[in-house]
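Here come two complexes built around subunit A, the first alongside subunit B, the second alongside subunit C.
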Partner chain A sequence: MKVVTGVVGNDIHVVANRLIELSLQARGFEVFNLGVNTYLEEFVDAVVETNADILLISSLNGEAEGWCREVKILKAKYGNLLDNVVFMIGGNLVVGTGDASDIIPRFKNYGFDLVFHQIDLNTGLDELEKFMKERN
Partner chain B sequence: MSLLQEERNIILNNEHVDNFDFAEVEDFVKNASKDLFISYNFKTKNKMLVQPRGGFPTYDKMFALYDFFDKADVDVLPCTIDSNTRLNDYATAKKMLRLSEENEVDMLNGYPLVTHGYRTSRKMMTHFNKPISLRHGTPDARLLIETAIASGIFEIEGGPITYLLPYSKNFPLDKAFLYWKYVERVCAEYSKLNEPINRESFGPLTATLVPPCITIVIQLLEMLLSLEEGVKSFSVSFSQTGSMNQDIVMGAVIRKLARHYSEEIGVTDADIHLVYHQWMGAFPMDQNYASQLINMSTVIASMVGANKIITKTKQEASGIPTKEANAETVANTQYLLRILNGLPKLKDEQEEEILTAEVMAIMEAVFNDPADTLWRKVFNSIKNGTIDVPFSPHIINNNEMITVRDRNKNIRIIKRGKVPIPHRCFEYEKNQCDLNKDTTSIVNDIIHDIGIMQ
Partner chain C sequence: MSKLENKLLIDVGSTYFKLCTKDNVQQHFRDFNKDIYDDLTYKCADIIKNYNKENIHICSSANGGLSTLIIGITNSFSLKYATNIAFNSGINIIDTVLFRDIEKTSIPSDLIDVVIVVGGIDSVSNIFDERLFKFLDGLNYSNIVYVGSEKDSAFLKENIQNLSILPNIINEKLHVEEENLKEYLTNLYQADIMGKEDIKHLYNITSNQIFSTPYIVNKTLPMIDSKFKVADPYILIDIGGATTDIHYSKDLVEENMVTENEYDRLVFKKLGVYKSKESLIFAAKNNEFVYELLAHLKVTENIFEESSEKATRILMQLAIFLVLCKVSAYRKAYVNLKLNALNSIVLTGGITKVLKQEEIEDIVTFFYKKILNSQHNPTIVMDNNYDVWTLGMLEK
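Showing the complex of A and B:
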């Protein structure tokens, strides 16, 4: 199974990005890591180009909302090319202390299938694997 | 007119520079107080120099910071540049400075030196008659260091590798080498007028499980790139690793090899110094614990025999420190250095031998690259993975090396990628670690190892 991953926007938190890459590889995923400072259109282009199953976006500086609210627009634009792609976002999604029960529905409304705010890395990946198992 | 002077004319004929007067600046440097030169301080002050970090946007706040540091008996004053200037975005820096001045709210995370200009800044930089160290993080520092030296800042931190691989995703590395070559030559030119301008390489890099051999190789190469342009005072540096023994070993090896490789290129008249950065990783939230971590760093720096220590504050985990917290660390560090006497000289022959062999093997591979100049050899060695910095965001970095901590918290290489350390050294590194576990557990170990001080 293929995953495109990276850190969105003007975010240079490289440690989490690298650890996610290593963890995904350890779980048997084929990983295409776009690294830090990546923009939403770049992510979607890479998903199409690699025929990936999953897009896993990280955001750790609290600016995710500004960079990711156009997911639905891009899904509409790319049409059936993205039909089977799982959109996942995780990290520190808002500045300061945000409530996950507010944040998760908001990001799901932007078009993400899986949303994690301030969650342990392996917990997030466990949830992803569970989601993929149930879906297939 | 030399090519360098032509290039300098181009750089300084800039809309953000108010008429750079070459002759006046030269005269200023020639007659500047020797106390402003850290290279002179290294020679004459018989103690470890203490340098904090810090930078505020406005002249008044910066001056107040320096005044606080001066009263705390600081040795070296810091000048941390804002992030817009780091990206060479002087227009935004100018706008943000105006907003900072009008609203009394800091809109920049450092001092916008180019915007303030050298005439204004010089009044402050020379007022306390202490050396000032420039810290900025930019791959293209040409205009910045011209302004810095004209302002009376005679120590320039950074380099083409150490200010690029940890900070940027796609700034072209070859351009960084050429831009820094300019910086080296300008520093070398001014060094003929008075005491030498000191150049300092930024050893922490990503400050995340960087193995000692990678740190030292990059320090040595930036030193050589600087010395070959005529720089006469250079500081190699590294940050606290998390193991006192590993730091002591690193200090011994880097000092020895710095002397070895500078003599290899025929430079015998340059002064080489060692700088130690207090813990550059994540700090504990508890300010008491943070203070203990800082004190421990000072003890280790003394054991290492560093010539300068760059300090942190107890507020590190919660954002930009106040000038009070910053000055407190300076005063505490000076006190601790004064009462730390009779330190033992520790030596670990085996670790030193392993580390020396690793560094020399990588250096040999760099020198064996077929390119015709040192900077091109280094460029190729980074691109092909001979030099690989863990957790670098830059796309040119191979990112194949994996490191963990052993039971004594030394950083060990468990996957070397294309870094040509000798097989026996690689086996030694791996044998220090428990590798009979799956990658998921190793990733958990890495997460814990990164946050070791929290």
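Showing the complex of A and C:
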């Protein structure tokens, strides 16, 4: 399965980004890592160019909140090109403190299928694999 | 200049001829009522007769270049990569169509020299469909090349007549692979020059290949240190009669493009001080800061109606300002350069013969203050003797 990943917005947590890439590869995914400081449209364009199954966005400084409100608008713009793509986001998703019980539904409402706020990487990827298995 | 011994270099621009010998560089205003060859040989016969064909080297930007239409599937990858390669191949006129919007896109009525179709990494298939063929049916073009996923090559070949197929410009890591398409476009450009009535007669005086001027300038950039005190990252601006070229260090761009070249090129096809004067004035009138700039230069907009030396100087100053605006975050263009990280601005072309260094510094300071709200001041380097061009011609 193909995964496009990277860090959204003006966020440079390169170490976590690399760890995500390595962990995905270790689990057998074909990974397209766009790196840090990536714009939302670039993520979606990479999904289209690679025909990826999953878009996994990460965020550390909480900028995700600002950027990811546009996901629904982008999905509408791209039409059926994104119909079967799983949208996942993880990391620290808001600036300051926040409660996962508020944050998760909010990000799902933005258009994400899987949302992980302050959850460790392996737990998040286990959940992703489970989700993909059930879906297929 | 030792490499110039016995050589004559000629640059044919839209407004001037420039000739460089070991002794000097001279320029001649073109007579637009005459064929380029007739005009050149009439004005410069005394010099040309001293050189044999093997020692005359010509580059030209006067033929307008190829018009290109790129059809791709995303803005961030296929369209951006192909556009970047086209600019770096010396092409000036580039339009793009996003495949998902192709049915809503009006079909250009002008003849397109080359259509580039691109999209997807090699493992992806079924990217294009009938919508592409329908669009192409209505389009008037001379050449078409496919540089997308290899899995779609056979299908497209079956359905598009005279389709050239080259290796994908997007590799399996989503990085750009530019060499094959660049070579194809450069060859097409050369073939186009050979076919142009105006240019082909120039082969009567040279036995060497005629190159496009932007191609030559791009070759010079890695060697620019040998002639000028330039600190990286820098941009080189060539404001011509018809177009304005910018060559920029890649360090100035936050890009997802990974290429071997250190420098990219961008062209503003309707920003020049002679042939494109009207569109330059139009662009100026649409920039809300230009009136403040005119006041700063102590002139009014009536200067646009004048045809004087002073008016030309003002137009050149405006051109510098507009070009910087166009590549800054102030105007969303094909690229936004990190101009606060810029260390040098190199100016080449006719502008260096007209404007003084202080006049250019004044405009650049005005730009940084008004548009970027910054005190940053990159060094201005003037290529007064067209060394950028001669260096590239001798090294190519």
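One rule holds for everything that comes next: the second predicted complex is superposed on the first by the 136 of 136 C-alpha atoms of A that agree within 3 Å, B and C clash if a C-alpha of one lies under 4 Å from a C-alpha of the other, contacts with A are read in each partner's own complex, and residues count from 1 in each chain.
Going forward, a contact is a pair of C-beta atoms (placed from the backbone, for glycine too) under 8 Å apart; a residue touches a chain by one contact, two chains touch by 3 or more.
Since the structure is predicted, the reported quantities are computational estimates derived from the model, not experimental observations.
By the touch criterion defined above, A:F32 reaches subunit C but does not reach subunit B.
With both structures placed on the common chain, the touch criterion links A:G96 to neither subunit B nor subunit C. Looking at the shared chain after the overlay, A:E41 reaches subunit C, while subunit B stays out of its contact range. In the superposed model, A:T50 lies in contact with subunit C only, and not with subunit B. By the touch criterion defined above, A:L22 lies against subunit B but remains apart from subunit C after alignment on the C-alpha atoms of chain A.
Shared contact residues of subunit A with subunit B and subunit C: 35, 37.
Contacts from subunit A toward subunit B in the complex involve residues 12, 14-15, 17-19, 22-23, 25-27, 35-37, 121-122.
Across the complex, subunit A meets subunit C through its residues 32, 34-35, 37-39, 41-42, 45-46, 48-51, 78-79, 81. Interface of subunit B with subunit A (complex): residues 167, 169-170, 206, 208, 390-393, 395, 399, 402, 438-440, 442-444, 446-447, 450.
Against subunit A, in their complex, subunit C makes its touches with residues 73-78, 100, 119-121, 123-124, 170, 173-174, 254, 256.
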